[in-house]
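A, B, C and D are the chain letters, set down in written order, and residue numbers restart from 1 in every chain.
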């Protein structure tokens, strides 16, 4: 993994390598170097399999870090190595270059990201069609500031009689009754 | 609105120009009406017996409960013995089994399928997620109470209900039908405005694709 | 001398490359298959534009089963997530439990005891058999041969009995917990399992005679729906579909997990990459799973702990990190991408189901130029389960 | 020959027997199919319950006049076929309205129902129905071809167009049956029979996994009940023709029941284990296997 990192580091301004397992590592990359890095990995290093493309919302991380993280996870099957390239994007008005010409299947992921996170991929085919939701009228639901419970309570009629207990107090009452 | 949904003039293959208005639902202008049974009680009882003995389920697996429908129709449980059969089109089916949670997208199709079925028709809700949301009580995309949107004759609890529970549930439904108590279609017609208001509150996009049925 | 349609010229293409389809011309017909359609695998729909009997364009619509799991898990503690993950994929739920448990264990630095790993591998192989049996019934059912579905569902019911005595549930087992498994095997389980496996082998022999040797079945499937090996990486094809194209992609061999390094098996591969080969690869894979279960039961340690010591579930916080866990489920590579932020709740969970790539981009690509009659069979042969596309 | 009014109640009696036999036989056949799948299958009276239920539905939607006439035509085809063919040979009561040229009429009636369905299903406006009916017409035409050829061979062989005379010529021992006197024609006709029974491998017309369920997609309530009645009559009526032409007819009801059941079983045994052909595959199959046999049978005569 380190050998690959050193080779990549010579070409691209890669951030620090997070080694999760012997065969899985993550590294952050500036947005403009993503496409050449993916191409390099795919064509030169044998990382031909796009495992997944997804986003993480770091809303609570303070003002300067409040951004989206896009993860492009690539797999080299012959050597059993995975590398995840992370790209940080601002949360508002985000657009991102599409990679559907490298992996056609990425178009599906990008459709989902646009719908669920509001990250726009302007060149991706069919990206503006509704994918999973239909007639959605709120902020994209996978964003951290979307409150699903509040939305559910506002939109749907709940049947009376459902109780929600806090696990901790409930366990305390069950195990040590009488002691608060 | 998508351009193909706007009202416009089109030229047919035979050269005749005509106006189409896709957002208007051509087959659903009239609300359902209350349908009375036969005047003679014994005839109605006889029909009810036949209805109970011949439950045609619409083959619409709306949720995870659909996976237990297959064992239900195969050697171990063999629901055919009780006159329960699949029907692939809503026109011929008279029992809609809502097999689990309904996302709003599916709810729209399920309502359409329900309205296409012929009266008398029955609805069975499978699983706790149709009753009160079950596991998905805080989900933003599934409805919590099925009976707000269509008249439910019977709920079968469980997550997911076992085939034995389904068989028992269908037997109970048969009893209801034989007693003449399963009048969901009439209930739907009587409270049509209430049901429609509930549905409209949940489904924001009523643009239905040009469905085959 | 088969008729091969040439749709390269017709319908004409517009300047931007999309097809020039004028529905009012009367030459094309829009046909919706699903969600209320027996030929669709689960609750999804395919919008077909047909010209005559041939499909010129197909669009897959999903989202009918969306429950927002990835959002729901963000507001549940790590242990509260455990009972809901299995509901993501209905026919083979155990993979969700395993991937989630393994991801949490890795980030929390817990190691599951060895015996738990053996039991996990056993459950995963049992689930794989269930899923394949269901597939065989579906594949023949899509071609109108309903009787195979009856036989295989009967065999699947027997396997569900084994699940039931082991975990107490038929479909959603909730057995593989973070840290280990919930319980040991019941007494006499090996013997009953052996009977079930024998019955499954008998069923498969019948299936071979009636389905795979059937002239009509061959006629409908041989040479149909070929996945070009060049598409494998582009469309992220994994699992039996890739193996039928001659590439031995099998996570159990490529990136061994659980106890697979200690088991003796070779990935099953085929060469023709058509529907028949995909069905045959799955049938042989099923037989291999039967063999693997026998090996697991023979080599399994008979005693030892099944749960690692765990912190208090109520205050369980996992340090910041991210990981990806993959496994070979019956459809291909199944994986969980888990991100934690040091709190008691997952920051982000992403489920990578194999159907996600198979049923969307690949199916839309393959569905063009085939006969309406073959749409159902093609879709089943990709072995797609909609719930894992939209979660 | 004078027309006798008593023939009408007799014919209705035949119809009544055949409807009930068809309903029970249909359920019984389904039970046999279920046994292959290791099930018990539907109760034997299930078809009656379905029929009554469909008549008892309270609402129905019509799509136009032809939509209504479709099932009526189909039922007419079934009943007409039955009534113009002698059901029981030698019985005054159950020879029905047969006359000297009835073979041609019977051939026409076999096709009549499908044509009626084509009109009705076309009116329903459902694309699945339209696709199904175009498949149905092409396949039935192809299945009809070997049957028609075989019928001509038989007609040439016996030098008559009257079903009654053909049956009469086959009496007096099993060796006199067309099955043994002209086996090629029978083979061609039986292949055509497989094609017209709407069972696998030739059931692409109603294939539920592709075009659920083809022509009857939009039919419901009483319309469907009419079609169900026809489904009870029509196969029996068709088998009666086959029985009369090729298998020596039936001289009494028990023989009739037995022979109809056995001929029906031919299509069931083939159907229960086969998947279905695509429509162009089945047409090619008929052209390659059945039609040459039919031609050969005419040449041999």
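Keep in mind that, in the parts below, a residue touches a chain if its C-beta (ideal position, glycine included) is under 8 Å from a C-beta of that chain, and two chains touch if they have at least 3 such contacts.
Predicted, not measured: the structure shown is a model, and the values here were computed from it.
Peer 1: Can you check which chain pair, A-C or A-B, has more C-beta pairs in contact?
Peer 2: A-C
Peer 1: Which chain is in the middle, if each chain's centre is the mean of its C-alpha atoms?
Peer 2: Of all chains shown, the one whose C-alpha centroid lies nearest the global centroid is C.
Peer 1: Where the CA atoms of chain A average out and where those of chain C average out, how many Å apart are those spots?
Peer 2: About 23 Å, centre to centre.
Peer 1: Roughly how many whole angstrom separate the Cα centroids of chain A and chain B?
Peer 2: 37
Peer 1: What whole-number Å value describes the gap between the mean CA coordinates of chain C and chain D?
Peer 2: That gives a centre separation of 43 Å.
Peer 1: Indicate the whole-number Å distance between the mean C-alpha point of chain B and the mean C-alpha point of chain C.
Peer 2: Each chain reduced to its C-alpha mean, chain B and chain C end up 29 Å apart.
Peer 1: Residues of chain D touching 2+ other chains?
Peer 2: Expected reply: 37-39, 127-128, 208, 212.
Peer 1: Two-or-more-chain contact residues of chain A, please, as numbers and ranges.
Peer 2: Within chain A, the residues that touch at least two other chains are 132-134, 141, 146, 148-149.
Peer 1: Which chain C residues reach two or more other chains?
Peer 2: Expected reply: 30-31, 37-38, 63, 66, 68, 71-72, 75, 149-150, 154.
Peer 1: Okay, what are all the chain pairs that touch?
Peer 2: Chain-chain contacts present: A-B, A-C, B-C, B-D, C-D.
Peer 1: For chain C, which residues count as touching chain B in their complex?
Peer 2: 24-26, 30-32, 35-38, 42-43, 47, 63-68, 71-72, 75, 83-84, 87, 90-91, 134, 137, 149-150, 153-154, 156-157, 160, 170-172, 387
Peer 1: Given the complex with chain A, which residues does chain B contribute to the contact?
Peer 2: Going through chain B, the ones touching chain A are 104-105, 108, 131-133, 137-145, 148, 198, 201-206.
Peer 1: Which residues of chain A touch chain C in their complex?
Peer 2: 18, 20-21, 23-24, 26, 48-52, 54-58, 60, 71, 73, 77, 80, 82, 84, 103-105, 107-108, 130-134, 141-142, 144, 146, 148-149, 167-168, 171
Peer 1: What does chain C use to touch chain D in their complex?
Peer 2: 3, 29-31, 37-39, 53, 140-147, 149-151, 154, 210, 214, 216-217, 219-220, 371-377
Peer 1: Would you mind writing out the residues of chain D in touch with chain B in their complex?
Peer 2: Residues 34, 37-43, 46, 48-50, 52-53, 56-61, 126-128, 208, 212-213, 216-221, 224.
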